[in-house]
Each structure stands twice: as structure tokens, then as C-alpha cells.
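Have a look at these structures, which come just after this line.
There are two complexes below, and they share chain A, which is joined by chain B in the first and by chain C in the second.
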Partner chain A sequence: MLSFILILLAAFFFTGVINRTKSILSGRKGPGIFQPVKDVLRLFKKGAVYSKTTSFIFQIAPTIYFSSVVMAMLVVPFGQSKGIISFNGDFIFFAYALALGKFFSIIAALDTGSSFEGMGASREALYSMFAEPAFFILLGSLALLTGKTSFHEIFADFHLGSSISYALAVLSAFVLGMITMIENSRMPIDDPKTHLELTMVHEVMILDNSGFDLGLILSAGLLKFSIYGALIVNLFIGIFPYQYTIPMFFAIQILAAVIIGTIESFMARFRMSHNAQFIFALTSVSLLIFFGVLMVLGKFI
Partner chain B sequence: MTEWINASWIIALLGIFAVSLSGSGIKGYAAASAILLSSAVTSWLAVNALIGQPLDLTINAGIFLGDIPIRIDQLSAWFILIINFTSITGAFFGTGYLKVYENAPSKLTLHWSLFVLFHLSMVWVCMVQNGFAFLIVWEIMSLSSMLLVIFDNHHLQTLKAGLNYLVQMHISVVFLTVGFIWVYSKTGSLSFDAIRTFFQTNNNLWPFLVFFVGFGFKAGFIPLHSWLPHAHPAAPSHVSGVMSGVIVKLGIYGIFRTISYLQSDFNLLGEIIITLSVLTGIYGILNASVHRDYKRMLAYCTIENIGIIGIGIGIGLIGIGTSSPVMYFLGFGGALLHVLNHSLFKSLLFYSAGSIFQQTHTRDMEQLGGLLKSMPKTALLFLVGAIAIGGLPPFNGFISEFIIYSGLIEGIHSNSMYQIILMILVLAGLCVIGGLSVMAFTKTYGTLFLGQPRKTLDHQPHEVSRLMLVPQYLIIALMLSIAFVPQFYLNAIGNILLSMRFPISIDTITIAFYSGSAAKIGLISLIFIGLICLFWLIRATLTRKKPQATETTWGCGYVAPNSSMQYSGKSFTKPVGKLFNSLLIEKKNFEEFKPEEIFPEKRKYDSNYVDFFESNFIDKITKYLIIGAGYFRFIQNGRTQSYVLYGILFILIMFLLTIFNLIK
Partner chain C sequence: MTLFLYYPSDMKYTSIINNQTIPIGQIPLVSYDEFYELNAGFITDSPEKHCVNYFGYPIGERIKLICCIADDLTHEINVSTCLVNPQDELTSLTSTLFCFEKFEREIHENFGIMFSGHPWLKPVRYSHNRKDLSKTIAGYPFYSIDSDELHEVGVGPIHAGVIEPGHFRFICNGEQILHLEIQLGYQHRGIEALFLNKSKLAERVAISESIAGDNVVGHTLAFSSVWESLCGFQTSKEMNFSRTVALELERIAVHTGDLSAACGDVAYQLGNAVFGRLRTPIVNFLQEWGGNRLAKGLIRPGKNQFPFTGELATRLLQVLDAYEPEFNEMNGELFRMPSALSRFERTGTVSEETARSVGTVGMIARSSGLSRDIRLSHPHALYGEINHEPVIKHHGDVYSRLQVRKEEVRQSVRYLRDLMTRVPECNTNTQPMGQTQPDSFTLSLVEGWRGEICHCAITGTRGELVMYKVKDPSFHNWLALALAVRNNEISDFPICNKSFNLSYCGHDL
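Here is the complex of A and B:
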């Protein structure tokens, strides 16, 4: 329950902090950090324009996408307190619930019959497929390290004992951070601020969405950021009491947002054709963590 | 009990008579009711077996065959129930599907008689427990299904597919025969019980692998899979649905049956099967994502699912080898549940693909599009099937994949480094399979049903008849029951596993624990659906009074877009094709531009993907076989005199060999 509230709170400012960082680094004052939320609220009040080509799939997809993100949010724990739903192997459910949302956002993009949106959908499907092994190997390794199989137990038992576990936590944070960027279609995979439809990934898929549906998609995006942020936080807080962990939660979330903003200010997007290899290379970092865990446990023969 | 067993085949025979006597309009109904009645009988026996009263009797089949044990134990019962359900839905769907052939009664008579025979032989494959009798029933099954495949016999392609299937099934039979003879030569008995005694005293590895290859042909493990992508598209859709849903699973049944007699080498065999299965899964789904023939795509997807089932079997074997009852339960349980799940959603997908084919007469998805508007019910059915087969919650595919995943994670907590590494790689492989299947099915669904029609069809597609839709609704009802009440099915699977005789045993507490946690997932799936409905209600109330407008799709300012400018399915998965171009071989047919060609003329370009194993191995082997066989062509010279000479030579050689005591 606690994690649910904290993630919801973090979602209010996460994207705003990213945007603010970017504007400060480029020498602008920039909008307030709650601007993304205000945008969403404004969209909720608006009417919608639908394409003639679309069917009911296009109308239900944003709702299902949003629900899948909320469902994923329910299984994320916070330190010692469980997520609202917690069971053995819940991280599999986490990944698969998000995949259902992705399934619908992809077919909604294909429903418009636009070649741009089809292109974006194809890329989204490809990238998320490549990101999945990294996530599963990472969680598998952590399950091996702790001997547990649910998010909550894994993170609660992820003691930061020897110095190599610190290295593991940092590497895991890196992998999760990169997955965040891929899942949220950010630099260096995708450039949310691009104005050319041909080079977009996620933005182009939602070109035809408007009004309430667009609001749902954007708010799902806000939530996704803080969900992954919360996973990263969980790597570090472990068994500390709440008076430290709750401020730490916000500190790490803000830090993550600032880092993302900084990366986006100074980096250009990768070449589209190299993205897949790059994402797949993330799996090797996960494998590094896996071998690290084997070493920590002394199971390397 | 004998009367029940006899009833099953007597009903089927009467059904065949009824089919031949009845008018062409009701042949399908006659076959379907025969299957329904015969299924009722065998299902009753199977349910009895599942709740703990296995059937065990012997039929004396004369001097030559001797006593044939007929058994319905828990394992057979599970498969019999799956066969019966899918065959019933297939028969009713097929009745609607073949309505257009009413003016060809002889064709329909042959088809429906064979369909009844096909169903009967599949059920009997699960009951007969004598090597020789098993091979006979197995052969009846293969032959009847081959004849069902070549229903459209005026197409050369269909006949080729049928022959391909026939040949491969007989290579499979050769392996099975070798296996049974191997057992017979050591134990002197063809009964299945002899396999157990054989395994107790002999090396387990090689004999098992012989059986595995034999059954693997039916199941479609790579590189033995190459009949599937030919036979499934060629067959009428209800036949492909039943073949893909059930006949392929009988290969799995055979593997399970052989495993149930194993005595040692569990670990090694588990590792072999699990590795092969991951590769099968990835290979299958990679091919599924690039093919444009939607029925071939579904056939490759079957190969993928066989891979997932194989992963479960591998986990179970490793579980027995490392004496981990939890892995044993999760592995075999996940595999058995996925067998049921796959038989449901794959038959559903093949039936709805059949509905599309019946209305559009093309299997090329790139010529279709926007079918959701003309066939909304079929579109919804296909969507449910696509989500379920991708293993996504809240449908039943997720339950079985989740159990297999749990088995893998259980396997990670091991002391052997090799096992840990194997498990983590399989975990990665399984999630790649999941990701690719999302890609493959979004592509297929998007290209078939969404957007605008890519081509004006000669005949405007309409929604299919209720006779074709109702079987599909039934399948969905059963799928939802698995998704929301999985504990019921897992308890039944628990009974199957409790009845197997392995060096390790599981207790009812473990089963209750894991079926309890599956029940929790069922509940969470319900919550998930509830949440979607809740948000949908909120959306509906909030947007009711808001203005809504309809416009053309955003085309970046271009005002005259047309339907051929939509993204094609091929382009959708082209990045995958490029990344895995060593496995997905693309054959392109086109003419290069020549330098002197200043004003190029109209030209054609086409490309298609070919099967890696077929083009690199099977075709080459066949080519050399044909060349080799060419050297012996002089034997068949068409002159009667020579043939008489061969006979005389044969008798002479036999005579001489006997004289010199070389043969006795």
C-alpha cells in the first residue's frame, strides 16, 4: 500500500523534474515541475477526434494500456512493506502485465492504418522484446542471490554485505535505468522531442490519440517512470527504517530524473538501426550481474 | 468395462455408415454426432480414471498379436479429454466450414468418414499399451489425417504437403518400430510394461532418444518439424485446428509415456530436451513472425508452443534427477497444462483463420486488412486467441507459462553451477519467445483485421455462420475457466503426477500449495479485468458529454492517402528478419537494373522466407538421395522379363545362402 502511494506521489513530479533539468541546462527557465500533470488534467477535460479508419480496438486500447500499468504498479513493493499484490514469481506478472498494455498500444497504432504509426509500432515491439531478457536475467540473478522469488522478498533480503554486492546493486540500477529509458521511449533509444515522424518511436504511435485517451496514455507514461524509479530505489533501501527510506525514495527518484534530464541534454539519439543491438547488449550487463552473483555465492566451480 | 470400450468403436463405425447414407447437407452433423457420442463414452472412462479409477483390461487379439493391454490411466485420460473436446468443436466448425461443398457428396462422405476414424484412432492411441497394436493405431491416425489434409486435392501444393507429411510420419514410425523391437529383443515382450523392465536393466539414454525422435516428428521439435508448415496451411481449417491442437500433442503424449518408464539418466535427458526445446521455441516464433501466410504462421507458432511444452518436460526431468519434487511438479504440471491450453487457443485461432479463408479465399495476409469491420465476431475471437497464446494475462496462456517460469526459478536455487546457468539461459530464452510472440501476433492481427482493406476482394467478406462461431465460443468459455479457476485443473494434473512411478514422489501438500498460488493468479486475472472495466466505466462517464469528431488519419499533411500506403505486415517484422538473417533466409526474385537501362521498364519483385532446416539440410539430403537412387533406375526398366529374372535371382540367392548355412 505504501509503495502505491509513494509511486503515485513520485509520478506527479518525475517527468516535470526531467523537463525542468533539460530547460535549465539549455539556458531556459522552463515550465513548473507539475506542468506534465496539468497537461494530463487538461486533456481529460477535452473532447476527442477519432480517425475514420479506426475501430473499437483504438478506443479500448488506451484504457487497457493504463490498467496494465496500474496493475504492474500494484506488485511493486517498498522496502519491507509489500506491494498490494505480492506472490511468488510476481515479477513475471509485472513484465507480462506491461506486455499486455504494449500489445494493445501496438495494435491500436496499427488500427489507424497509418504507415508512420505502423513503423513506430514495429520499433516498439522490437525494442521491448530485446529489453526483456535483461530484465529477466537481472531478476533471476537477484532471486538466486536471495533465494526468494517475489519482488518484496527479493528486495527485503538484498543485503548490502560485501563490497561486491554494492557493485551488483549499482550494476542492477544501471540495467533498470536503461530499461526505464527503453520502456518510456527516452534518449538514447528514442527522442521524445523530435518533430519528424519517421524518427519517432513511441510518440508516433499515439499521433492519432486525443482528448481523454491521450491523457490516459500520458499519465500511464508518468506512472511508468516512477514505477521503474521505485524498483531502483528498492535495490538500495533494504532493511532501513521508514524515516530514512521515505526521504531516500524521493531523493533517489529526483536524482534519477535529474540524471535522465542531463543525459537527454547532452546526448543525441542512437541510429535507429543500432538500437536493437544496443538494447540486446544490455543483456550482457545482466549476465555480468549473474556471474557476480555466482561468485558471491561461491558457486563458481 | 469392456462394453464401454467396444461402444467407442462401434459408435464410430455406425457413424461412418450414417455419414455415407445421409444426404450431403447433414453428413457433417452425422459425423459430429458420432464423435459426440463416442467422446461421451471415452470421456466418461477418462473422468473416472482421473478421479482415481483407472481402467485396465486385456483384449485377446489372436495368436499373432497376443494379449493387448487396454489401459486408461490418469495420463491417457488427460489426453483423451483434450482429444475429445477439440474433435467435437472441430467437427461442428467443419460442418459449417464445408457447407460450400454440398454439391460434392462423395468428397464429403470420404472426408467425414475419415474424420470419425481419425478421432477414434487418436483416442485409441492413448489407450493401447502394446507396441505392435500401438503402431497399427498410430498408423491409422497418420493415414487418416494425411487423407484429411489433401481435401483440396486439385491443388498440387496440397498434394505435395500431404506426401511430405506421409513420408515424414513414416520416418517417425521407423524410429518407433526400432524402439519397440529393441525392447522386444531384450525382454521378449511388446507390452508397454516391458519398456519399464527394459529400462531397469539397460542403458536408458539411447533407447529413449530413439523413442524421442520417433515421437518428436509428430510433436514437431526442430529439426523434425518441417512437415508442420506445409501440412497445416494445406489442410481445411478444422483439420488444421485438430491436427495442431491434438495430433501434435500425441507426440508429446508418447514422450510422456516413454518418460514414465524411465529409470535413470534423468538429468542428462532433461538437459537435452530443455536445450532442444528452447531452440525449437525461438526458431518457431522467429519464423512465425515473418511469414505472410497466416495459416503457416500459426503452424510455426505451434512449433514454438511445442518448445514451451518441452521446456516444461525438461524441467520436470531435471527435477526428478536432482530429487526436487517442486521442480518435478511445476515442470510436468506446466507442460501438461500448456498441452491443454495450446490445444484450446490454437484450435480457436485455426478456426477463426478458417473463417477468414472461407470468406476471402486467400491465405496471404498482405492482401487483407480491415476485416474487423466486416467480420467483427471473428475479429474478437482471434484477438482473444492471440492474447492467450502470447501468454499474456488475464487469459489461460499466462497460467501455464507462469508455472513453467516458476519451475525455472525453482531450478535456479540449485547447487550445481551448470544447472543454474542452464536455467538462467532458458529463462532468457523463454522471455524472448514471449516478446517475439507479442510481435508475431500484433503483426498478424494488425495486418488481418485492422486498418483498411489492402485489396478489393471479388466477394465482400461477411461474418460467418453461427455454426462456425459457437464452437469457438465454447473454446473461449473453457479457456476462461482455466484462467480464473486454474486450481481445478492443477489438482487434476496433481492426480496424474501422483500416479506416476518415479524415484521421487510429491505429496498432496505441495500440489495444494502450488494450485493455491495458481488460484491466486486466477483471482488477480479477475482483478485485472475488473480494473479494466472500472477505468472503462470512468472513461465512458467522463467522455459522454464531450464533443467527438471523426477525421481521416493523420498523414503528415498529405491529403490523399490510400490503403496501399499502410504499413505492411512484412515491413512490420522486417527488422527481426534482418537481425536474424542467418536463420530466416529470405529468397528474393528480381532483375537487377542494368547500366544501359536508362528508362527502366515495369518489373516484378517478390521475396519469401524459406525454412532454414528444410533448405539447408532436408532438401540437400533429399537431393543426394534422388541422385543416389538414380543409379539404380536401371532396375525398374519396364520389361516383364527382367522382373521375372529378379524373382529367379532372389530365389537362387536364398537357396544358396541356406545351403551354405548363412541364414537359418
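Here is the complex of A and C:
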């Protein structure tokens, strides 16, 4: 329950902090950090417009997408405190709950019949497919290390006792961080600020969504950021008491947002064809973690 | 083919220099066959020659075709004419020389003349005075495919950014562009007809300012030169000075803005912000000088509306002193950043051969290794004294086009600094302009920031305008963009388009 509330709170400022960082670094004042949330609230007050070429898929997809993200949020623990639901193998549930939402957003994009949205859908599907092995090898390795198969137990047992487990945690944080960027369509994979349909990935898929539906999709985006942020935090907090871990949670979330904002300010995005290579390379980092775990367990060398 | 009039003469064409007015009767009238041979002969295997304008205008029932081929080495423009019947089917120059492609399409659209052997005889812009009014822009005959593997992507005419309308039809294999067709004409305002219909000079000059909003100085200067030449008016030293300064300022401002937009398209925020900010002091200086950031009202035929004073020179030097170090620093960042370079290099390549065959002009030509610069080849204003050396790059990719921009900005800053050391005395007592000469032909070439702008005027028996022809450099270069993006990723199209930054309204007129 604690994790649910914390993720919700972090979602209020995470995207705002990224945008503010980018504004300041480009010499502008920028909007307030709660602007993304205000935008979502404004959209919630509006009705949606539907194109005549779309079917019911397009209308239910935003709701399914949003609920899939909330479902995934339920299993994320916080240190010693379980998520709202917790069971063996819940990290698989986590990944596929998100995948279900993504599946619906992809077919909804195809449903519009727009050639842009079809392109965006194919790109999104490809990148998600490439990011999946990295996530599972990472979580599989951690499960192997701890001998547990639920998020809560894995993170509770993942003590930072030795230097090798620090190394593992840092590598895992890197992989999760990059997956965050891919899943949330941030640089260097995607450019959330672009107005050019031809270069968009995620943005182009939601071009036809408006009003309440768009509000749902955007708020799911805000939540996804803080969900992944919470997973990264979980790698480090282990068994510390709450008076340390709760401030740490917010500190790490803000730090992550500032880092993302800084990266987005000072580099150009990748050429589309390099994205697939880049994402797939994450899998090799996950494999490194896997071999690290095998070494720790003495099953290797 | 029918032969109407034929002057037995050795010369089948007349050579004029930039901004020269000649009696229209002085241009020999030849048969279309000779006209064809002559102009095909000029272009074939002569990289120093290119077609600057080719158009027709009605004389009674017949159409008079006028073709102007610029020769960069002799600094002359070879003008030839012929008279044809609109019902005639003429042999297409385009079947072998692609640089005539748009011109022949335009003549076909306006007068219904068929060009046999033209590979792509489609309407250009659906002008108001086209021959066949039953054809409309909604029914444009796109090149299409019937394939299960390939897909079509249509972009526009409503543009995602705040630029102008145009429709881009891609045929793609997945992410790879196989073919791009660009359809324009949405901005057509009937500019050329307006020049004839409006009788006041002030109205006409205001129209010339509106041909392309980002190239105000270039087009106004071309119009003013045409008009002054028609009236036999000699421009004074200080008029030439202000015009040169204005043209170079416009070049700096737009090139800087383009560098900013190119950074924006690859999501490089720092470059986008810094170059965007650097453009502002330059356009603000134009405002300080002439009261308009886009230089509207700055240039007028026959007078120096806003003389460039010593105080302005001091101000401009201050502006440039603040501009230059930051511009150089930002370039150092941008052109050394791997993530940006990987987007620019080998993207949207136009080979030198392609650039020459489709007749590209201006900075697009110079990015592909062609030395095509009116400032050098047909100098106007003060360019004869400047010893201009064109900036030439050879790779023809986005990177080269940005490099050309960067170096042209530096060059223009150098020229401006040099000019500021010899600001001429202000002389407000200019002599009045005379009347336009009757039965004359004038051609004016101006190197705007985008490339050569060509304005042609023909007067009637009372000195009234009977034909006014405008050609923006974009008219040549749009085809180069369509060819450049072939085999590139579709997601790289925006950066290619931005690196060309062609004019929609300059093309559509």
C-alpha cells in the first residue's frame, strides 16, 4: 500500500521535473513542475472526439492502457512493505500487464487507419520486443540470486552486503533506467517534444486521441515513470527503516528526473535504425548481470 | 511543327548581362527546332551553364517561349525565343535534360502545349490562369503503386509545424523511402498576374515583398533591379551599399534560424535554443534600420528609403561583435557532437551529378560541389567589388548543407565588417525615375540566401508590363529534395526537408 501511495505522489512531479530541467538548461524559465498534471486534469474535463473510421477498439484502448499500468503498479513493493498484491512470479505479471496495455494501444493505433499511426505502432512493437529480454534476464538473475520469485521477496532479500552486489545493483539500475526511457518514449530513443509525425514513436500513436482518453494515456505515462523509478529505488533500499527510505525514494526519483532532463538537453536523438541496436545491446548488459549472479552463487567458474 | 517567323541571322540568341534591358525585338526569333537544338546544346556537357528561366507568354493566338541560359564563365545570359502554336506538340527538352522539367510542366499547364517525351507532364501549381480549369488540386495524379509489401504515406498539406502547406506522398518499404512525390500549389496567389493588374509601383513592390516572406530582401531587390533597369535608372553607390548589407543580413538571419531548426529536428535542445536566440539580434537590427524585422519596406525601386548611416554601422558592429563568438562556440559544440553528426552525415545525399542534372541552384548546389553563385557569376549591387568566393562542399548530405550555412554566415559577417569600414555618405537627393521603356525585355538575377532569384519583365508598346515572370530558387530545388530522400529512412525526412528549407509560396507564387 505504501508503494502505491509513494508512486502516485512521485507521478505528480516526475515529468514536471524533467521538463523544468530542460527549460532551465536551455535558458528558459519553463512551466511549473505540476504543469503535466494540470494538463491531464484539464483533459479529464473534456469529452473525446472519435474518428468515423475507428471501431470500439479505439474507444476502449485508452482505458485498458491506463488500467494495465495501474495493475502493474499494484505489485510493486517498497522495501519491506509489500505491494497491494504480491505472489510468486508477480514480476511476470508486471511485465505482461504492461504489455497488455501496450498491445491495446498498438491495435488502437492501427484501428485509426492512419499511415503515421501504423508506422508508430510498428516501431513501438519492435522496441518493446527488443526491450523484453533485457527485463526478464535482469529479473530472472535477481530471482536466481535471491532464490525468490516475487518482487517483494526479491527486493527484500537483495542485500547490498558485498561489493559484487553493489555492482549488480548499479548495473540493474542502469538497465531499468534505460528501459524506463524506452517505455516512456524519451530521448535518445524518441523525442517527446517533436511535432514531426514521421519521426515520432509513441506520440504518433496517440495523435487521434483527445479529451478524456488522451488524459488517461498521459496520466498512465506519468505513472509509468514513477513505477520504474520505484523499481530502481527498491534495488538500493533493502532493509533500511522507513524514515530513511521514504526520503531516499523521493531523492532518487528527483535525481532520475534531473538526469533524464540533462541527457535530453545535451544530445541529439538516435537515428531510427540505431534504436533497435541500442535497445538490444541492453540485453547484453542484463547478461552481464546474469553471469555476475552465477559467479556470486559459485555456479560459474 | 509550323514555322512562323524566321530572321535569317547567324546569331540565334542574344547575350545580355544581369539587369540589362534590351528591346524585345533584338532577341532573334527562331523555329522551335532551332530553339530546342540551341538550348539543349547550351546545357549538354556545360556545367557552367544552367537554365535560369524558361517561360511562355501569349502573343495573340500564339505563345512566345523565352529561354534564358546563364553562363557563369562569360557572366552573360543567353536569351532565345520562338513562337509556337498552343496546339503544337513539341519535343521535350526534359526527355534528356531534367533541369527543364518544371519549366516545361509550367508551360504545359498554363497554355496546354504538349511536350512529347516529357516523363512527368503533370500540373505544377494549379495556377488561376491555367489552360484546363477542370483539373483541380484535389485530383492531382499521384504516382502510385499496387503492392502488398510497399505502403504509401501521405503527409500534409496541413503541416505539423507552423510552416507552409505542401503534400508529400511517400512510397515506402517499411521505414525506407523508395519514392517521394511532392505536390505543391496550395499557396498560389496569382503573383505574376497581380504584377500586371496593379498599376501603382508601390503596389507592385509590396507584391514582390510578399513572394516569399523569408526572402523579402532578395525578391524586392530583384523587382527593384528590373524596374530600375526598365526605367534606365542608375543606382547610386549608397543604394547598392544598403542593398548589399540587407541581403547579407537576411542571409545571416535565415541561415542561423535554419541551423536552429535543424537542431530542433534531431532533438538537440541546446543548439535549437542558442541558434534561435542568435537569430533575434540580427532581425532586430533590421527592425532598427528599416522598421521591420523581415526587412519589408527597406528596399524600394529608385530610392534609398532608409539610408545606412554611420550610427547604424556602429550598431551593426556591436551586434556582430556579440553574435560572432557565440555563433562560433555553438558551432564548435554542434559539429563535434557524435549524436548530432550521426544524424547529419550521409543523410539525404544529393550527388554532384544529380545536382547538376536537375539544375539545382544556390546553397543546395554549393553543398553538392557545384559552384553556382550569382554573387560571383553575375554580380549585382556591390558584389563586383567584394571578390566573393562561393562556399562549396562536396558530400551533398545534410551535414554539407549545414556546413555551407555555417560558413556562409561567417563569410557574410566578414563582408559586413569590411563594408562597415567604408560606409558611403548619405545622399538623399536621388534623381526621379523615368518611364519604363516600351517593347523591352529585362532580366534580373539576385543571389538570395536560398539561391538565385530571377525576375523577368516584358513591356508593351506603351511601356506597360505585358509579362512579369518570377522564379524562386525553390522552383529548381524541390526535385533535388525528392531525389535526396530516396533510400533514406522516412524518419530522416524532416531533417532533410529542413536542411533544404525550400519555399512553398515562392514556388506556388
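Here are a few things to note about the model shown:
In this text, the second predicted complex is superposed on the first by the 300 of 301 C-alpha atoms of A that agree within 3 Å, B and C clash if a C-alpha of one lies under 4 Å from a C-alpha of the other, contacts with A are read in each partner's own complex, and residues count from 1 in each chain.
Here is the rule we go by: a contact is a pair of C-beta atoms (placed from the backbone, for glycine too) under 8 Å apart; a residue touches a chain by one contact, two chains touch by 3 or more.
This structure is a prediction, so every number in the text was calculated from the model and none was measured.
Of the two partner chains, chain C is the only one that A:Phe270 touches; chain B does not reach it. When the two complexes are overlaid, the chain among chain B and chain C that reaches more residues of chain A is B.
Of the two partner chains, chain C is the only one touched by A:Leu25; chain B is not.
In the overlay built on the shared chain, the residue A:Gln35 is in contact with neither chain B nor chain C.
By the touch criterion defined above, A:His195 reaches chain C but does not reach chain B. After overlaying the two complexes on the shared chain, residue contacts for A:Ile60 are found with chain B alone; chain C is out of touch. In the overlay built on the shared chain, the residue A:Phe290 is in contact with chain B alone; chain C does not reach it. Residue contacts after overlaying the shared chain place A:Ser81 against neither chain B nor chain C. Look at A:Met187: by the touch rule set out above, it reaches chain C but stays clear of chain B.
Contacts of A:Ser115 after superposition on the shared chain: both chain B and chain C are touched. When the two complexes are laid over each other on chain A, chain A has residues 115-116, 118-119, 122, 197 in contact with both chain B and chain C.
Residue ranges of chain A in contact with chain B, taken from their complex: 44-55, 57, 60, 63-64, 66-68, 70-71, 85, 87-89, 92-93, 95-97, 99-100, 102-103, 106-107, 110-119, 121-123, 125-126, 128-130, 132-133, 135-137, 140-141, 143-144, 147, 149, 197, 207-208, 211-213, 216, 276, 283, 290, 294, 299-301. Interface residues of chain B, counted against chain A in their complex, comprise 369-370, 372-373, 383, 387, 390-394, 398, 401-402, 405-406, 408-410, 412-413, 415, 417, 420, 423-424, 427-428, 430-432, 434-436, 438-439, 441-443, 445-447, 450-452, 517, 520-521, 524, 527-528, 531-532, 535-536, 539, 542-543, 546-556, 561, 563, 565-567, 571-576, 579.
Here chain A touches chain C in the complex through residues 22, 25-28, 115-116, 118-119, 122, 187-188, 191, 193-199, 264-274, going by the rule given at the top.
Across the interface of their complex, chain A is touched by residues 151-155, 160-161, 174-175, 263, 265-270, 272-274, 277, 337, 339-340, 342-343, 347, 489-494 of chain C.
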